[in-house]
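You will see two complexes here that share subunit A, one where it goes with subunit B and one where it goes with subunit C.
Moving on, here comes the complex of A and B:
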């Protein structure tokens, strides 16, 4: 077991290396000279050269890569081109905000997705199932951006239940309850796609297990449906649920970036979109690298969880 | 459908492909919607009642059903109906073209992985698995940083997102085909591995790939709409469904939901139609 986890950890290194190379490549392949783009045009060629040298843009690519990597690891990515302040001060707080929203969206998509899928699965073919599946089909074909708008319009404008955006009430105390209240609507919007993927998956898994031989055997021996559902089917589809959740983390991240702008959530998506507008490559690179690394780590956690859930591995085997 | 009145005729087990297709209500409905929408987009310059980019400052936010503006006008006084008719052109071309490219690449990779040695196959599928779950938005943001927001960002992102799906499907099916007798027979007759893949296995996978590609187009029209809404995709002044959603966002919250919602409904309808067509084709082609 421990050896398996260690080997998975070792597998991360080449992956992170490739991702970091690709992210480094973004600035190399960018459209124009970032310094010329951002700085005033009144400067002479020599002054521009000096600034390029100060940012290390005059050295060979591999050297820039190593310096860049060192900067990322030691102080979070050097200086921002446009704000001329440390990148870490811009990227990290936004990243934490995104993490909060992403975690809430993941929890929502698992809880609601499993609930919807389970109900639909055990009512397979009945009216409730048909209605749920129709809604699932419509929901999976709605643009997330528009769905987010409708959520704001309903919850904040029409019914006035929830705040229309932001993370905290500016006049409030900024406490945990306040954060939760601001979190509900964007989390629902961001979780739409992954929630429906999980719901479809759980429904199919429940239907399949209900028709399997072992469930028929239990049923013929007089076990109640609730007991079979809870103890046997539930346990058997637990690890596929974890697997599917891991696979939908990418969708959650994408969903979060889509809704951040709508809900004025001060997260990494907003920062990255602004940075792209201003060709601020240090910010773009650090932001993308941070999110990609998070994705890789979450993937690792999913794999380890799956190993832990697998009874064949639990008892010292493999 | 059939006109045989001879009671003695044996029941036909399989109808012809067009007959089965028309009998499949889902597929037929999907096809009809798509023909209408694609025809409308192609003929947009002649069909749209107004210039989609022509604003009228004296007639902003006209309600639905206003004279001359069936779906009202937006906050710049542009005719929403004309913009909806024009707004699908970019999105449809982008989604269909990039899914076609992705299907080509994915089929090639899937076949390669299925017929290559264990090590190549393992490495390839490991990469594909990672791409499969990767947050695609990062690809879109990176591309936007390199080549500036526009249709090419959408194309690159959709290709990246769709290739792993197609590769997995083709890989799984090709592995099954590989073990079948006809492949063994071809091999024993001296056919090379490449010839077996090209002339024996590939034709058997075409229908699955077409079915899958059809559904992928729908998924990606929905996805690229959100990218365009964020400003990463098709740029103004071109009318675009996704872009219209974010432009209508400002006025949606002030009680003019139509400006953002008509394009959203158009996207929903087209995406559903592609899904219906895909599902229907599956029932017809792979019963």
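Moving on, here comes the complex of A and C:
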């Protein structure tokens, strides 16, 4: 088991290397000229060249890539073009904020998604199932952006239960309770899509298991439905749930970028959006690399969990 | 006799609307700030963009200057206490000044006994340090980024002299009547004076995160993407500001910003969406109207597009669009049609100036003269997302005269990148700028036409350049307005710029805020603003 995890970890290195190449050169290939964007129009060609040299933009691309890689490893990504301050100081705090929101949204989507799917699955074909599935159908077609605005309008403006955005109350002391309060609405908005995916998946898995041979066998032997559901079906659908969750974390992270904009959540999405506007390569590259790395790590964790949950995978692959 | 069911329904409707009305009333509960100014308290401002950097020489946005001007002061300032009229130039870090008759030399007497908030003295040497940073390549602290940005104002500075400890002199290579107006007037190229010691201590790149000036407020912290906090400067040389603290929070989403104002998360917002003006007013928020704010939305022509190299096609485009109707419908009357690039609020503004009047029939004739069949002229209109309805309106107007335009819109920040890299199929692209100073005509002409080689595609282009040079080189204040208006008229003939409109609503203010004035300028003075308990 440990060896499997280690070999997977070793596999990460080349993957991250390829990602870093892609991230760097795709950003470089973009049409934007950072010097042209940032500065005013009355510049001499000499001034432009001086600035290019100061940013290191006059060197060949591969050299810029190596410098960037070195910067990433030693101090987290060099200097931001537009802020002229270390990239790490811009990207990491924002990334932590995104992780907070992403984690909350993931927990919400798993807990609610499994609950909805399970209830719907065991009430398969009944009124409750139909109503829930109708809502799920509507919900999965809602644009995240629009849904977020509706959540703000209802919870903040109309009912005044929750703050309309931000991470802290700027007038208050900004304690943990304050953070939780600010987290509810954006987390609900960010979790919607993946919650419904998980719900549909769990429902299908429950229905399938209930109709499978082994359940029929248990039933014929006189086991109660509750026992079968809890002990056997629950255990059997656990792997698919973990698998789907791992996959939907990706959609949570991309959704979070929109949600951050609407709820003015100071996360990586906001930072990236601003950096793209300023053609701030170092920030864009480090930010995307970080998001990509998160994706890879989440996948790794999912794989390991699946190994733990499913003996067939563990033995088949070793 | 209505059926019981009907009655029930009616009742439900009544109760529901009552509940909704009550819920609506909740948003007006903030205390009214009353008429008496009060010292103390915190004001929170919701801005529509993330700010750039708190380095006056490197910053480049209005929202940034709205913060920076509280930290850094300029030699002269404008009196922003009145909502109407061109703001008067008033002393700030200079107590008086003289201008040479040929308007090339400006001598300032500096205010004595002023200290930067780090305790170091403000004097002629400090000003010299500031000016050398962006003009003197031999200076140890020369900064090419600052030099490039500041060249908008200081590009033609011939020399800078320290006359004595408290007197400095700027000499330009040509008459520069608008210098005093440009000193406090800033989105980029801000002339705010920073502490030389702070720059030495934190470095060229460090000043932005450790801004030190002489202003009424001092910088406390910036959390990127979240907020910036300023606190009252206890050692300020001038009148005590009412507020103890000001927090600026970027909220990029229009509806999110309005929601933050309604719920009291912020007290003031900028760039209020036109759709929200009347509902905010009904709910007790102040949305001041200003028909003199020096701001203008315009379309530039892409001269890389073959159709738009023809003056007749450009004129047809301008004549195809009813700008008055655009302001009335799309902006619900909260904007004014602009028919000259000289923006409202500019010292040379002339409300009667019209480049080309709305006349779709004339537009069709022009296109035919240019040899184009209906539907033959095709291009894309580039816009930011807030300008999308405007772009669609223009698109429809163009369709009516036989021009096939499509619309592409982007978030404001990606929009900037896109338009810095125009493609041949691009036709029109949106711009937002404007100044009080009439030399704006020259700045706009350089930026939208000359830099893109556009003056070559107009029969009258040479005359325009001449007229602009005449205005820019004029040393006589009495003749300035007339010359700039003549330059703008000459330019309008070229049809190389397409002015659209100016906003007359921009800020929305909560009832708990007092003393907020939207002056004839693109920023506001926070030192006279107060908040209720």
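A few notes on this one:
What we mean here is this: the second predicted complex is superposed on the first by the 305 of 318 C-alpha atoms of A that agree within 3 Å, B and C clash if a C-alpha of one lies under 4 Å from a C-alpha of the other, contacts with A are read in each partner's own complex, and residues count from 1 in each chain.
Throughout what follows, a residue touches a chain if its C-beta (ideal position, glycine included) is under 8 Å from a C-beta of that chain, and two chains touch if they have at least 3 such contacts.
Quick caveat, the model's predicted, so the values are computed rather than measured.
Following the overlay on subunit A, a clash is recorded for the pair subunit B and subunit C. Contacts of A:17 after superposition on the shared chain: neither subunit B nor subunit C is touched. Applying the stated contact rule after C-alpha superposition, one finds that A:161 touches neither subunit B nor subunit C. By the document's definition of touching, of the two partners only subunit B reaches A:137; subunit C does not. In the superposed model, A:214 lies in contact with neither subunit B nor subunit C. Judged by the touch definition given at the top, the superposed model places A:257 against subunit B, while subunit C stays out of reach. When both complexes are overlaid on chain A, the residue A:266 reaches subunit C alone and has no touch with subunit B.
Using the contact criterion defined above for the overlaid structures, shared-chain residue A:94 touches subunit C, although it does not reach subunit B. When the two structures are aligned on the shared chain, A:153 is found in touch with subunit B and with subunit C. Shared-chain residue A:274: touches subunit C; no touch with subunit B.
Subunit A uses residues 31, 149, 152-153, 156-157, 164, 261-262, 273, 276, 279 to touch subunit B in one structure and subunit C in the other.
Those residues of subunit A that touch subunit B in the complex are listed here as 15, 22-23, 26, 29-31, 137-138, 140-146, 149-150, 152-153, 156-157, 164, 246-251, 253-254, 257-258, 261-262, 269, 272-273, 275-276, 279, 281, 284, 288, 291-292, 295, 299. The part of subunit A that touches subunit C in the complex is made up of residues 31-33, 36-43, 47-48, 50-51, 54, 79, 82-85, 90, 93-94, 149, 152-153, 156-160, 163-171, 261-264, 266-267, 270-271, 273-274, 276-279. Interface residues of subunit B facing subunit A in the complex, by the touch rule stated above, are 130, 132-138, 141-142, 144-149, 218, 222, 225-226, 229-232, 242, 245-246, 249, 252-253, 255, 257, 260-261, 264, 267-268, 271-272, 275. Those residues of subunit C lying in contact with subunit A across their complex are 23, 26-27, 42, 44, 50, 52-53, 58, 60, 144-145, 147-149, 151-152, 155, 188-189, 204-206, 208-209, 223-227, 247, 249-253, 255-256, 259-260, 262-263, 265, 411-417, 420-421, 446-447, 451.
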